[in-house]
Amino acid sequence: MSQPGAAAESVIDIRNLTKVYRDFWGRKKVRAVNALTLDVKKGEVFGLLGPNGSGKTTTLKMLLGLLFPTEGEITILGKSASDVSKNERIGYLPEESYLYRFLNAEETLDFYGRLFNMSAAKRRERTEMLLDLVKISHARKRQLKEYSKGMTRRIGLAQALINDPDLVLLDEPTSGLDPLGNRDMKDLILDLKKQGKTVLMCSHLLGDVQDVCDRIAILYGGELKVLGRVDELLRSQDSTQILSSKLSDGAIKEIEAVLKKHGASMQKVDHPTANLEDLFLKTVQESRERPGRRFTVDDQPKSPPAKV
Amino acid sequence: MNFDLPAVNLPYAITQWAGFFLGFLIVVGIVSLLTSLSVYGTRGVAALAGGVVQGIIDLFSLSPRRLSALASLTFKEAVRRKALLVFVVFAVLFMFAGWFLTGGVETQKDFQAKVYISFALRTMTWLLLPLILLLSCWGIPEDIRQRSLHTVVTKPARRLEVVLGRMIGFGMIGTLILAVMGAVGYIWIIRQVPASEQHQLICRDPLFGKLEFLDREGGKGLGVNVGDRLDFRSFIEGATKARAIWTIENVNESILHSNNCFQLESRFEAFRTHKGDFKRTTYFQYTLANPDNPAINVPLSLIKIDEFRNNANFVTVGPTIQLADAEGKPLSNAAPPAEANKDFFKDLVSKDGKIQVQVACIDPGQYVGMSRVDFFFRKPDKPFAVGYAKSLIGIESLLLLVVFLGVAASTFVKGPVATFLTACIILVGMFGQGFMDELIKAPEIGGFTGGGVFESVYRIVTHMNPTTELPAGPAFFIMQWVDYLLKLYLWSVRYYIPNCEHFMRMPEFVANGFDVLWAESLLPAMLVTLGFFIPCVFIGYFSLQSRELESK
Amino acid sequence: MNSLTSQQRKLVYLGGILLLLIPIIYFGLPSGGKKTADGQTQSSGGRLAQLRQQYDLGESNLGDVDPSSVTMNLVLLGLRGIAVNQLWIQMDAAKDKKDWTSMLEATQSIVKLQPHFEKVWDFNGWNLAWNTSVEWDAVPDRYYWVKEGGKFMLQGVGRNEKSTELRFRAATIYQKKIGIADESIYFRKYFRVDPDTERWKNGPDTDFNTGPEGPYQAEGKDNYLVASDWYQAAVDNEQRWKIPLKQGTLDRTAFHSLPARCLFDYAQGLQKDGQFGEITREAWANALDSWINKFGREELFSVFGANAIPVKFVLEANEEEIAAMASTPEQEAMIRNAIDSFQKIVNYRYWRTRGMAEAEPETAQAHREFFEAGEAYKQQKWRDALPLVESAMKGFESMLARYPDLRIEDNTIEEAMLAVLMWNNIYKLEILGEGESLPQEFPLRTLWQENQGRMPEIEREFRLRYLTQAGQ
């Protein structure tokens, strides 16, 4: 993955953003976002984290122009947040699917394509491509109100990508998905990054964020608490991890002595565990290939699967 | 017909509209300025200016493709929300219309067509109105509530396109349903009216004139009221110099029928002060005169009054002017005098195309009553379908007005409130015009005396006579000024509420066998709708634009 | 139950439903509403429907049921009162605007919503027949609206089969509107031959010229006879169902006198039309018979005195009968009192006398001669008129000698005075020479002298009848 250099341009630039909800009488009710300043560089996957109520969704909605900031400035792709023309290059996947439930998948994508002023031929081409990508070609003629939750997310994702956007905003992209869908979503995000697009995602599912994001920001109470690259933030500076082939007990003892000689201590020695996600995916795949085979207590994995 | 309609004066109407729109813009501007100042402080002015500029930019970046996308989305939504079930109700009503309409006692033959036409047009209007009202008032609020609008506005769809697209979409579905219902209704009318009465299904093309009265001595007068509660018709006395004089303009060859005649049609009433001879109905006489030189005139033979029906008589044009009945047989009640040898167009019609027609009552002691619309030159008839189609256009205009108002209202209030607001505006516009006029009439011409709200309260409490002057003093001065402002408010309400009476009148035209007149009825109706288009789009756009869609 | 499969459970439910249908049908089947010969609704339908018939609780007991009426009432969901209010306002507004179709439509809708509210039928029928008809100028148009009112009233009778009031009102239209209106000459003619000749083929409108038992034969009847039939139907209805006229409409005795009174009106009508001879005499005789033998013999009752003591009496009773009816002298006095006052109320004695007088052939002859004299007079054939009028005067005099009560009766006086005046005029115009004067002795001289105070009216009537064109 390419490292965006310091000279990479900012796709999103947030300066001193504040949002105060007032009640009917004008009194302050809630300060949802307080003096937030951050930027998202081109080509990176940015994660906006925080517990519920920390202001991440509010920030996202202000970016989209659905809410108006009380103070501060937002610049997206060089334009202001309230400028509708910026939406030409943006794709948005909302947390719940906010689509028209009486349309079917084809009509939905066609409708949103028309909103981008795409020609009929282009719309058809994109629709086909996206329906295949999110794997709902088999249900293309069904009205959205008959879709399951996973299918709704997938069609939502498809409409977010209908215009091949440069910036994709995802609100809780993996919440509510089963592990397969989850895996697909993460693969897609990485794929988008490979295509050079910028992705901003809000989430509180930390594991997923860790897997895909380059930089993260952690919000709490509407304020920015942590901002930085994932690998730098998470890297534990205090210890070193070494993965080796199988060692005998004597070898472990020797290594411990070497460590002592260098002034370090051996903190933990055990067999690395496999990733539960990988086990799950493998089981599903095997079940697909060999239906009818039932699990018995005697079955053991022959060897730990390679880490993906 | 029992109503009179003045022709609309187009330039005056447009300037009036412009004035009111300007006033509306000023009020809206002041209110928005105050609001944005209070919310955003000093930045408010800049924000407002920015909003206006944005609006102008958006106006020029409208995309037809986006508009059509939003419009067809609206259309599909209505269809899939089972709006077309209204056809079922329509069908049911028409199938059982026979029960409701005739119910045992037969309608007088002359009025059968009228009953069927009124029923068909009224049913269509009152079925479609609630449907379109509900659709337009709930469209955008539901969109916002379900947040599907969020997905749309995060695409490059302008708010203006959202509002316009919705309006177009609802307009389309209304038009479609109306077109189908209109066709079905037309076929139903043709089939219901018995073969003998099919001749009633025509559209008269009338040429009305201005009416003046002469009293019994021959001087200018107002005609006599014989005791009817409604002052619609005035009466002239028989066997005196009292006359009703019509001056008709634009008289040229277009009034001639195929047999080189033109047709006079009248609908006078008779009033007897004594019973007289029952066998003999009351008679009247036409006299055609040149308005520039009334001495050049041709009295025509006597005609008897056939009340409450349209009496048509033909007058032959040419060397001998003579009166004939509807079948062409000359009426021979009185032999036409020698002056009948005049050429109609050369001698009687003035240079600027005017003609005078005088009506006199013959029988002493009896009266003949008329209003301006009771006499006209009947130009060659138009087919029934023409008038019927025009009244459908009228219904269409009403539906579009409901769409405009409904969509605009729904952008700043929720569904039920928007429904209520729009329904009230429309209903007051239909039924409350007379009442509102009464409220704002100046005392000099018959309005209320005794001042406005506070002054009246004062007068009631102190038992003061309405005509007594108020005592001088600052309190009374303030009171009168407040009342004046309130009256100004009432006045503006009366003029801002659309005049929907034009829409109500159109079915009456067709039912009575008249073509829907362009300048008197169809044009004003369409102008009302058109006049509300721009303000409604304006309100809709700016409401939606300045609204935070996320906060509910 | 739990051990049954889903399929089996469904079958059990189905069986249960079918089983329940039996008692439902038995109890709840609605009545077919067919009527038997005597107008009673046939017993049909389930148990509840039959009970409804038996205890007179169903709507079909009230009259025929209009399905659209039921539907409309159902659809309004209880807002009938408001809807009806609105319709009344609309109807009135349409009347002011002279928009007759809308007015009729609103009226029809009102009666659909309130079919059993008698006042609605009563008022609207009257409104159509009296008020609306007068707004039109041409007499055939006026007649059309009188018919509308009448047919409307008949529809009301059909909807309310036990209504005395509506039958009475229907009869009033036939008697009063057609008979006494200014246009009565025309109305009575149209009643036999409808002006819409295309539809009724020179016959009467049988929807209007129809009786309580159903339509008459093709020629219909005279309006007074139809009125009489309807009054009789009202009286019968009152006696059968014990439903009197609304309070304040008309005194009961007067009400009962109306069928016979209409027969008198019929006879008078024939005379006015210029029909003399046996038909007229027979009409008078029929009327007399009905008056004294049917109405006169009817047992009427009233209450008297501060203590409201009920009294039964018969108007035609003679002395022995009165004595037989009373048990005490006080009661006898009360009965006499009752008979006397009610005879005065209905003008019993006058009509009896008049009937007797007119039923005699001589009187009929006198009338006819007078009429013919008048016809000759109109054509100025003095010599032909003179013997006729003299004979008529003699006939009148002998009638008055036999029935002196009639000397103070207006119609008789008028006719007699007109005869004398005609006789005078003929003498002055034709017979008398210069300086001659009328003969001193002539029949009806005393009457003539007694009633000189009436001369202006008599002369005006004379001019109206004989000197101007007919009906101008």
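Note that the chains are named A, B and C in the order they appear, and that numbering of residues resets to 1 at the start of each chain.
Rule of thumb we're sticking to: contacts are C-beta pairs under 8 Å (C-beta built on N, C-alpha and C of every residue); 3 or more make two chains touch, one makes a residue touch a chain.
All of these numbers come straight from a predicted model, not from anything done at the bench.
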item	value
Chain nearest the overall Cα centroid	B
Chain separated most widely from chain C, comparing mean CA positions	A
Centre-of-Cα separation between chain B and chain A, whole angstrom	61
Distance from the mean Cα position of chain C to that of chain A, given in whole angstrom	95
Between chain C and chain B, distance of the C-alpha-averaged centres to the nearest whole Å	48
Chain B residues touching chain C - in the complex, by the definition given at the top	2, 96, 99-101, 103-105, 107-108, 111, 114-115, 228-230, 232, 269-270, 272, 275-279, 281-282, 305-308
Residue numbers on chain A that touch chain B, as the complex places them	21, 26, 61, 64-68, 82, 84-85, 87-88, 90, 92, 94, 96, 98-100, 102-103, 107, 111-112, 114-117, 143, 159, 163
Complex contacts: residues of chain C adjacent to chain B	66-68, 71-72, 96-101, 104-105, 108, 112, 136-139, 141, 144, 148, 151-152, 155, 182-183, 185-186, 471-472
Footprint of chain A on chain B - complex, ascending	38-39, 54, 58, 61, 63, 65-66, 68-70, 73, 76-77, 80-81, 146-148, 150-159, 548-551
